[in-house]
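Each of the next two complexes has subunit A plus one more chain, namely subunit B in the first and subunit C in the second.
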Partner chain A sequence: MSSSPSLYVDRDTFLHRLNARSKLALLVGVFVTVYVFGDPLWVFVPLAATFATLLLVGGWANFKRLSFIVAALFLVGFAVWPAFAESGGPVLLETPLGTLTERELLFALGRSERIAAFIVGGLLFVTTTSNEEIVAGMRSLGFPYAFCFAVGTALRLFPTFLGSANTVRQAQAARGHEVGGGNPVETLRSYIPLLIPVFMTAIRNVQTQAMALEARGFDTRGDRTFYDRQPFGPTDWAVAAFGLALVVGSIYLRLQGYGTV
Partner chain B sequence: MMKELVTMWRDTRMIMLVAVVAAVYAALLIPFAGLVIIPGITAVRPGNVIPVIFGILFGPAAAWGSGIGNLINDVFAGTFGPGSLFGFIGNFFFGLIGYKLWGNLGALSSGVEPNFRENAGRQLLEYIIVVVVGSALCASIIAWGLEVLGLFPFSVLGTIILLNNVIASVVLGPPLLYLTYPRIKDMGLLYPDLLRDEDLPDASASRAQTAAFGLAVVSVVWAAVGIAVSLGIQDVPFGASQGEQFGAGGSTVQIAIGAISFLAVLGLTVISGERLSKLLD
Partner chain C sequence: MDNDPASGDAATLEEVVFAYERGSDLPPADSFADDADYDPDERGGPVLRGIDLGVPAGSFTVMMGASGGGKSTLLRTFNSIIPSFLTGSFDGNVDVLGRDATDARVPEMAEVVGMVLQDYEAQLFGTSVTSEVAFGPENLAVPPADIDPRIDHALEVVGLGDLDRRRPPEALSGGQKQRLVFAGVVANHPELLVLDEPTSDLDPAGSHDTLEVIRSLADSDEASAPEDWRGPETIVMVTHDIEEALLADHAVLLRAGQVYRQGPAREVFTDVEALRNARVAVPPVVDVFDRIGWSREELPLTPAEAVTAVEDSDLAWTPPAHRGETLPGTPAGTGENPGDPLFELDGIVYEYETDRESVRAVDDVDLTVREGEVVAIVGHNGSGKTTLAKQLNGLLEPDAGSARWRGQDVSELSMGEVGRSVGYVFQNPDHQIFADTIREEVSFGPENFGMEGDALERAVSEAVETVELDGLEEADPFNLSKGQRQRVALASILATDPDVIVFDEPTTGLDATQRDQFMDLVARLNREEGLTVVMVTHSMRTVARYAPRTVVMADGRKVADRPTRELFADESALEQWELQQPQPVDLSNRLAGVSGQEDALPALSVAEVVQGLGGSDASSVNAEAGGEEAGVRNDPDYGGGGRTDGGSDTGQTSGGENE
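So, the complex of A and B:
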């Protein structure tokens, strides 16, 4: 486990400089484009564009870290979807278990590309947006301050608890505790000595942290100001407009009959 | 009605509990991968027990915390995307079910605090019902959402999530509650100690019981029917109607079943109550 679990890559690229809200608008545009088309060729265009952008902003290491998951999801989707798709076109493969038609193949490929595009799109967002920007973006989108505060605090506590979980695991291993067993139930039960210390350490913090907050006049109902306020500039408006154009354009093309299997 | 889900945000300790539950949930999902079923896709994760036991202990704070924790896990695991919305909602209800059901299951309830010290057999039965209902609801919401998005058929994800959640929660929940409940109670962090009396749901015992049984039935039936429809039972093929009817998402029948079930769950949640506050010594 790396010391920093964050996928954010600190660079000074065009995407990094954008406001979290405009990045979200762009992401929605890409997601809708990927969603409305079923033809693998049409889905491939936003997938390839998103992947290329991810590489440009320095996200290769992140993609490499997750490539196993992307590949596994792609393959499972590709294997599962033919069984749920309507057959059509020439038979491409005939086995004792069944046949694979051209339509089933294209349908499955389109769906698997969609899965990959969603993951790569999300990865592009978290690669270029820091935790603080995500929380500030949520606040400026109108989420209540208390909710944003909880998300921000959880994001801050998460690496601490992750480290604590790993420390407990190592400490128990040093005492001879082995995780695993002969069957799934034994394997799960072997986690109990690891979970209890993590739980109790975390919960003990609640009282003291709540008191510390209240001692500093913490109040979720008052208006808040932020030190690092990101302006929503002309470039952000242009990017948001591009995201909207993607949504409108892709839906229009889909209604015209393009991009279907 | 359901006002505690909003008013809890006024209490600093409840807000901190949301953050802590979210962080612990996310932190335990990643390093303790548990028993891998399909590499890269799914594993029986010990962390899945958190929404259930924290839901019983911390009520609405655990519901919000479970939703946020799952979202954080998506962000850090690289699976953040449109499906994360359904992951948030599914895990929110996974955490909420224990709070709504414990003590409200009539003859099936143990009638005592969830400490697994007295009436342990009855507590185990009640706990298993809570786990199955919560897991079924969580699995149905996520599987339905991802089918609407056209990512995975309901039967595939619905079955996997249901089994993962049930196995981890049933095996780990009782010993964890046995060991942690008395300590958390002593710390004064149970939700009845934190929420003001006027913020707790004011549902009568009979209404709370009806709502709890309603939630249990809708959740389990939704999961069962969703999986059956997805597998093409009763001549409702999953993929056949996709291109023609909805363009890109799941089958129209599946979408309708999900929409009706979810509305029923929302309605039942609104009229439901809680019971732990009356079981405390």
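So, the complex of A and C:
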């Protein structure tokens, strides 16, 4: 298995020092904010703040790894959402297929920004929170340990899975394989030589990992201890309160009619 | 670690039979015959076929045998992975440290049995050094206050005491990762440690460091150890590497899923016939003196012992050549008479980004490879070997410099144009195999390059025949052994009729027989078909035997590009680059040293050492090139030297090269 960096970036920043639970509270605050507002300007503020913070804590490399997905979702959303919006305002574009009004444009832009904000927010969380902290944080929120550990392991294995997929892609390219084809069926078929080795390798690795886990004493039934319990200090309380304020404030403003298209 | 038979057995297995298929109707343990013609590759049914075994308490026991012969399966019974985790069909008794391992769960056995597997990446679960080592004790519900000293001690034992404990495991080298895995296991304070090929994925330096850890664990009773633990009482290790196996004091040979030989390591590793029957490599030094005709009791095990033995005998060392003389070819007769340049790499630079910085994986490397050459690229993990090799067929494009193939810039050629001429066999065959049959898998490449009809069928048949898998064309490649899957991968490249094949670690995970078969096949293709070979490898014995030219990479730079024999004569350079000498090289360098032959070039194979000691004529060496068995009689007229204290007069014949 090739070595692949995890998404966690080891830095000593304000966010890194926070308890995972306070970071979760902050994340919930941001998510609720971008969810309740539809106006792209109102969604842009938390999106920009989250993105700037991601850059400040050293998450640029992580963003680059997922930038294709973010861009694809943003553009596809931007193209599709107008079809689901109520038209209104001046017509900005007229084509034989239909028109694009100002309201439809703003609606689509807001929705696409929302998706981008969800991804960037999640990325910020995993960039600043190690697997152990995520697991410990979720566990202290009452989730079963087995579930928490599964989430942490999935996050750790994701980059490994990408690394393995890249090796398979190279191995098949060296045999002259090209992805794509004349029609959708051929395109789908062209993925088979990539998907089967990736999944077979993943299945083999998962079995080895499961064996290694149990051999290290991992057991979902018995008691366990936690070596690195993070304290929940005054700063964490303050950040959690800020997250809660974001939730309450954004819902209040939305109910007052702000931030809508 | 003392092997005290009086202390009893740490583990006892009685009449153990196991098959991976669930619900199999298992025959009784005593119904299995010791089948000399048994081939693990072809086997179906039970993998363990009536195992009776005692592992002496306090011993360092090594288990060896053919790939697919049941070694790893057997190891998994020690901590209940079989039959608790991998249930299959099981019968028999397994007692480990007084516990019934057939009736315990794996996490329960983890309190007393620690396990380290080959794939270190799959055994790392933490995001920092500290969390990784703490993981096991946390699982065993050790109070947090007691975990601290365990972390300190475990990291100290594995030589990582000075490591920044916040570092993520993925930022460590391969050797450091495997040592971290050891630390995580050691922190559980196991009484029995089972190791499944712990060094086979590591570079020479990583292997060396890991072996040092194993050595220190075997001897550990140091003062810094916690009061309640002095190290594992007993260690059991599976390995294919005979030189590693010599660390052990007790040895077990498996054949056909049964214990074929067991006993003190020296006794087992000087039993040449038993080793060959079990498809285990004979220790090269043992092989040398066995071929010369020394009796089993006289055979030295290590180069140091051999030098003393030679000094005490009437043997004298004649090196294969001296500096300044014409170099003899490789033992395998490969890479003779190179032709025109095929690849010309000029000032290649390749960089990749990490979350912190840009890393220059290949830094200003020039390299020319000529038609018919066999070139080895060696160096540590991360030295840039594979990245350099991937420039050859355009899998990676350089950030600076140029790669030319037959004078044409590789970047101007399509993957189809260059891929057909330059085959690339990846380290892990599972990264490419996807088809339902071997025929379909082997056809994939040539079809992509536009081959069809009779030409395609002929190419596939020839490739499958070349790798000796004919008759298995309709077999499912996923059901084959690792060695066979490796050959399927090679066949799928051969079928495209390439001029060059680039191998990335071609022998990883293969046993001695599979390794020699695979590399002899590659050598034959080079000698007979003129196939140019570039191989990225950690196996210095493969380099010595098959590659007349070696390129050494370090920190992305090419630090040496020399004839292999000259490289192996430069012991200080080898030490600087942490490249280990294979035993025949080590022995011949030592013999040259004690006989004052400073300008001697080393032998590269057992046959060359035998010849240098006057034990054979050139025909024995030449026989190697054809992959045939080389026989040496103990005949004074034939040059066999006897010991001054009484040599053997038993006639000997021996098999092919075993390193």
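Just so it is clear, the second predicted complex is superposed on the first by the 178 of 261 C-alpha atoms of A that agree within 3 Å, B and C clash if a C-alpha of one lies under 4 Å from a C-alpha of the other, contacts with A are read in each partner's own complex, and residues count from 1 in each chain.
Here, contacts are C-beta pairs under 8 Å (C-beta built on N, C-alpha and C of every residue); 3 or more make two chains touch, one makes a residue touch a chain.
As the structure is a computational prediction, the values presented were derived from the model and not from experiment.
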Winner on subunit A touched-residue count between subunit B and subunit C: chain B
For A:A49, is the partner it touches subunit B (first), subunit C (second), both, or none of the two (neither)? neither
Partner chain(s) touched by A:Y227 [first = subunit B, second = subunit C, both, neither]: second
With the two structures laid over each other on chain A, which partner does A:T187 touch: subunit B (first), subunit C (second), both, or neither? first
So in the superposed three-chain picture, is A:T153 touching just subunit B, just subunit C, both, or none of them (first/second/both/neither)? both
With the two complexes superposed on chain A, say which partner A:I119 touches: subunit B (first), subunit C (second), both, or neither. first
Output check: A:I196 vs subunit B and subunit C. Expected answer is one of first, second, both, neither. What do you get? both
First (subunit B), second (subunit C), both or neither touched by A:F218: both
When the two structures are overlaid on chain A, which partner does A:T167 contact: first (subunit B), second (subunit C), both, or neither? second
With the two complexes superposed on chain A, say which partner A:G38 touches: subunit B (first), subunit C (second), both, or neither. first
Contacts on subunit A seen with subunit B and repeated with subunit C across the two complexes: 1, 5-6, 62, 153, 160, 164, 192, 196, 200, 204-205, 209-210, 213-214, 218
Can you name the residues of subunit C that touch subunit A in the complex? 76, 79, 81, 85-86, 105-107, 110-111, 113-115, 117, 119, 121-123, 125-128, 130-131, 134-144, 147, 166-168, 170-171, 174, 177, 184-185, 188, 353-356, 390, 393, 395, 415-416, 419-420, 423-424, 426, 428, 430-434, 444-445, 448-449, 478, 492-493, 496
Okay, in this complex, where on subunit A does subunit B touch? 1, 5-7, 31, 35-38, 62, 65-66, 68-69, 71-73, 76-77, 80-81, 84-86, 107, 111, 114-115, 118-119, 121-123, 125-126, 134, 144, 146-147, 149-151, 153-155, 157-158, 160-162, 164-166, 169, 184-185, 187-189, 191-192, 194-196, 198-200, 202-207, 209-210, 213-214, 218, 220-221, 254, 260-261
Using the touch rule from the top, collect the residues of subunit B that touch subunit A in their complex. 9-10, 12-13, 15-20, 22-24, 26-28, 30-32, 34-35, 38-41, 44, 46, 49, 64-65, 68-69, 71-72, 74-84, 149-153, 156, 167-168, 171-172, 175-176, 179-180, 183-184, 187-189, 230, 237-240, 242-243, 247-249
Seen from subunit A, its contact residues with subunit C in the complex are 1-6, 8-10, 58, 61-62, 64, 130-132, 153, 156, 160, 164, 167-168, 170-178, 192-193, 196-197, 200-201, 204-205, 208-219, 222-229
